[in-house]
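Two complexes come next, and they have one chain in common, chain A, joined by chain B in the first and chain C in the second.
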Partner chain A sequence: MAKSFPVMHFDAVIVGAGGAGMRASLQLAEAGLSVAVLSKVFPTRSHTVAAQGGIGASLGNMSEDSWLWHMYDTIKGSDWLGDQDAIEYMCKTAADVVYELEHFGMPFDRNDDGTLYQRPFGGHSANFGQKPVQRACAVADRTGHALLHTLYQRNVRARTQFLVEWMALDLIRDADGDVVGVTALEMETGEAMILHAKATILATGGAGRIFAASTNAFINTGDGLGMVARAGLPLEDMEMWQFHPTGVAGAGILITEAVRGEGGILLNANGERFMERYAPNLKDLASRDVVSRSMDQEIKEGRGCGPHKDYVLLKLDHLGPDVIIKRLPSIREISIKFANADPIKEPIPVVPTIHYMMGGIPTNVHGQVVAPKDGDPNSVVPGLFAVGECACVSVHGANRLGTNSLLDLIVFGRATGNFIVSENLKAAPHKPLPGDAAEASRARLARIDNATSGESVSAVADTLRKTLQAHCGVFRNQGLLSEGGPRAARDAHLDQRSQQDVQHRARRGARAR
Partner chain B sequence: MKFRIYRYDPEKDAKPYYRDYDIELDPHDRMLLDALIRLKTVDDSLSFRRSCREGVCGSDAMNINGTNGLACVTNLKTLKEPVELRPLPGLPVIRDLIVDMTQFFKQYHSIKPYLINDTPPPEKERLQSPAERERLDGLYECILCACCSTACPSFWWNPDKFVGPAGLLAAYRFIADSRDQALNARLDNLDDPYRLFRCHTIMNCVDVCPKGLNPTAAIGKIKDIMVKRAI
Partner chain C sequence: MKIESDPNFLDDRQLARIRWRCRRGLLENDLILARFLDAKGATLTEEQVAMLDTLLALTDNELWDLIAGRCEPEASVRPLVDELRIA
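Right after this comes the complex of A and B.
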């Protein structure tokens, strides 16, 4: 293999074509910057496509609402651990970015007066926690699909350049610590390249696949986090993982909270609506951490359903076929296919399932990645940005409210795009690449290429996933965590172990990733 | 369970061949994709695309016992053994079950798949009645999996000239949108012996769509509007 890789130059390189990456790329492409968006899958296959329930904004189309109430709910939901300035910005901007999506052509559900329909969602309330409010703008239960396709379409219009089925490998940092691009692998040919950029934006999404049971797609492996960690930069709040109360038992596939928003309820083995006991005000619409813990408690105390008493039931037949078919068509499809249950007639077996990573790459509200330096805890890393689930602004603190992630993608994708546009990159020269820009990636690829023995990657990954599942569950305690930490580190020690299998993934055959 | 899978690695193989597998599945393996992932632990050179494993991303379309479908929502119990898997027909094969979808996306892009409305947007949402919105149902849900277009004989013969069912469904999705203002330009773009009129209503597309969409009906509606416009 050659000592370095061929080089391509761009004003900006975005790694990731989910909602966050494509919202940012749109700002850049429309402003005339040369921007390349890399994705290891075709853009509309990114996991944003699977988001179901909705995107939150206090439009007040159904009843009075205010961004202050949305802000209050978000701060409270975060267990008071979110960044309140960032939350204020997000909730204040929400209406504008949702209207913008509508103008882009997103096919939102409508009210009789032609305005956007909004549904209730967990943790969203009117008047500072008094009663549930309808704040989630939705496209049936396919909101993420509609959002992602609309953004892709808008990017087609803006002639954004996509590098499809390209896998980013490493960040390139120069002697000053500035980020000047990434190395990447074109998966079809196996050719590695340097993408030299004035701004590098990570939008690689979540990492839910580090757990054994997950609502996430196979591709959600946290690549961006790895790139940042390998570049010697810190990550934030990595212990803060959200369990979604309703994953299909055994399959992990998500059943949106919108089911409870539309009136669905959770029942234990005695047929009791147990959330009335745990959260008398918001009941089944309490925030996700509360509902997940309550379900786990019910199961622990022997009130779970089924032969192993290991799940609870989500009942929605009382909503009637009309509501289910009109507002929750995909949920019905999923339930029939993956749980053998038609929710028009029978309840869906559900368990709390790993869903969302609140932590990630620390950024400010402009999407600039920050790291401690010379006594400044929030010193900007020049050239590097992060948006979406891989980033930690942090607007979600210790627990994200439903509908606030899609909002996060769009608000901060746009803000980051605007900030980069304001930096006037077109006129600025590229910072030169360091001489060893490709070295880390080259050495790793060479090692993998030349390895002839070792453990299988799928076996190592399975062990790691099982460890996380067992030690970092809904309830965590000192004992479990301090045992699990070192164990995961040992499991994950791919450096000494990887073999051919990796080669197949990383080189020509990497299409299947 | 027995499988017979099309294998081709252009770097190594002079031509494609079939490989037989017999593998013991786990009771939790419900869908064809679960079986493929298990097969990959035995033979890690086997290549296929996949992501969401719930039928929304459109990655894992393939030809399953002669019919196009998504592996992740095809229940193993419905399949006759040996299960024969081939890449989607009519597109160049990159490797094993992975096809080059360039031509498919080119056609999708050719219909200008985005809302066109040049009036300055209002401060809030553009209004749309529930009835107007309902016209988009059955159109916007397409996941671009290409099951339909690669089952369409007209697309096989003229992939560069005939837009194909997926692209035409998308074209109608924008024609049908009360907010779109480019009706005439959209019709002009399709008014051609090949782009639209190569559809001979064979309905293969409808039979295979894993999302239950009906491209043939959409194509029929475009043709109707086209005819009305002519008189």
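Right after this comes the complex of A and C.
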């Protein structure tokens, strides 16, 4: 293999073509910058396609609403741990970015008078928690799909360059610590490249697949987080994960809250409707975290179902075949296909399932990645940005409000694009690449290419997923975590790998000095 | 290195490419396609690969609609859709 890789130059390189990456790229391409968007899958197959519920914005089309009420719901939902300035910006900007999408041609559902229809959603309230309000803008149950297609088409028009089935490998940092691009692999040919950029934006989505039970598609492996960690930068709030209470046991597929809204109930091995004990008022309709914890408690105390007593049951048959066939047809399909149970006759086995990563790469509201340096906890890492689920602007705190993720993507994707445009990058020269720009990636690829023994990646990944599931589940305590940390590091062979990285960094540091 | 292979079956590289294209945005499709490839990947015929390629070019929702039986496929890909439906 050659000592270095061929180099391509762009004003901006974006890793990830989900909603976040494509919203940012659109802003840049329309401003005339040369933009490359890398994606390891075809852009419209990014995981954003799975989002059904909608995008939250206080348009007030159904009844009075206000961005302040949306802000309150978001902060309350976050367990008061979100960044309130960032949340204020997001909720204030929400209406603008949704109308912008409408003008891009996104086919939102409408009311008879032509305004955008908004549907009810858990946690959305009017007047600071007084009563529910309809705030979610949607395109039937395919909001994410419509968003991706709209953004993709606009990007093609704006001449964004898509590098499809390209896998980003590592960030390139120079001696000052600035990020000047990424290394990447064209998957079809196996050729590695350097993408030299004035701005590098990570938009690689969530990492739900590091857990054994996940509602996320297989591609959600958190690559951007790995790139940042390998570059020696810290991550934020990585302990904060949202569990969805009703993922199909063994498969992960999400069963929407609407099922419990229609009257579905949760039962333990004794056939008891246990939510009556944990939440006497709301019962099965209590919030996601309450239901998840209650289910986990039942399983931990030995009242789980099945041969391993490791799931509970979601019972629907009492609703009658008519309601199930008419109102929950897709749930029935999923249950038959993935749980081998027809809910008209038998209950669906479900478990609390990893759904969303609140933490990630720390950024400010301009999408600039920040890290502690010289006593400043939020020192900007020049050249590096992050948006979407991989980023932690900290608008979700400890718990994301439903429909706020799609909002996060478009608000901060756009804000990051605008910020980069304002930096007038077009006129600025590229910062030179360090001499060893490709070295870390080259060494890693060579090692993998030349390895004649060792474990298979999927076996290692499986062990890691099991460890995280067992030690970082719904309930965590010191004992579990202290045991799980070293185990996870061993599973991922981090010890060995970080040894190499440390040596590599030491070498590079010595040269820089 | 030259790989001698049965022309009727896929070589490792072709199979790896198909496996990667079976990485989708919807977990539903991921799971079905993975089951199908685990069971049949090694013995796929050229004809089946052509059908699979056509199906993989669909959007995730179109593909899932076909697999879940919400709509019917064109005759040219019918045999493979039938296999996916029971995978």
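Please note the rule applied: the second predicted complex is superposed on the first by the 401 of 513 C-alpha atoms of A that agree within 3 Å, B and C clash if a C-alpha of one lies under 4 Å from a C-alpha of the other, contacts with A are read in each partner's own complex, and residues count from 1 in each chain.
In the analysis below, contacts are C-beta pairs under 8 Å (C-beta built on N, C-alpha and C of every residue); 3 or more make two chains touch, one makes a residue touch a chain.
It should be emphasised that the depicted structure is a prediction, and the values quoted were computed from it without experimental measurement.
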Can A:I253 be said to touch chain B (first), chain C (second), both, or neither?
both
Name the chain, either chain B or chain C, that contacts more residues of chain A.
B
One more residue to check, A:L81. First (chain B), second (chain C), both or neither?
neither
Just chain B (first), just chain C (second), both, or neither: which does A:R157 touch?
first
Touch test for A:T115: chain B only (first), chain C only (second), both, or neither?
first
Name the contact category of A:L68: first (chain B only), second (chain C only), both, or neither.
neither
Looking at the overlay, what does A:A440 touch: chain B (first), chain C (second), both, or neither?
neither
What residues on chain A does chain C touch that chain B touches too?
41, 44-47, 49-50, 142, 145, 149, 188, 217-219, 251, 253, 330, 333-334, 337-338
Contacts from chain A onto chain C in the complex sit at residues 40-41, 44-50, 142, 145, 149, 165, 187-188, 214-219, 251-253, 330, 333-334, 337-338
Contact set on chain C toward chain A in their complex
17, 20, 23-28, 30-32, 34, 59-61, 68-70
In the complex, chain A residues that touch chain B
41-42, 44-47, 49-50, 59, 99, 102-105, 107-116, 139, 142, 145-146, 149, 153-154, 156-157, 188, 217-219, 250-251, 253, 330, 333-334, 337-338, 456, 458-459, 500-501, 504-505, 508-509, 511-512
Residues on chain B engaged by chain A in the complex (per definition of touch):
9, 11, 28, 30, 40-41, 44-59, 73, 75, 94-95, 98, 101, 105, 109, 112-115, 117, 121, 123-130, 132-133, 136, 140-141, 143-144, 174, 177, 179-180
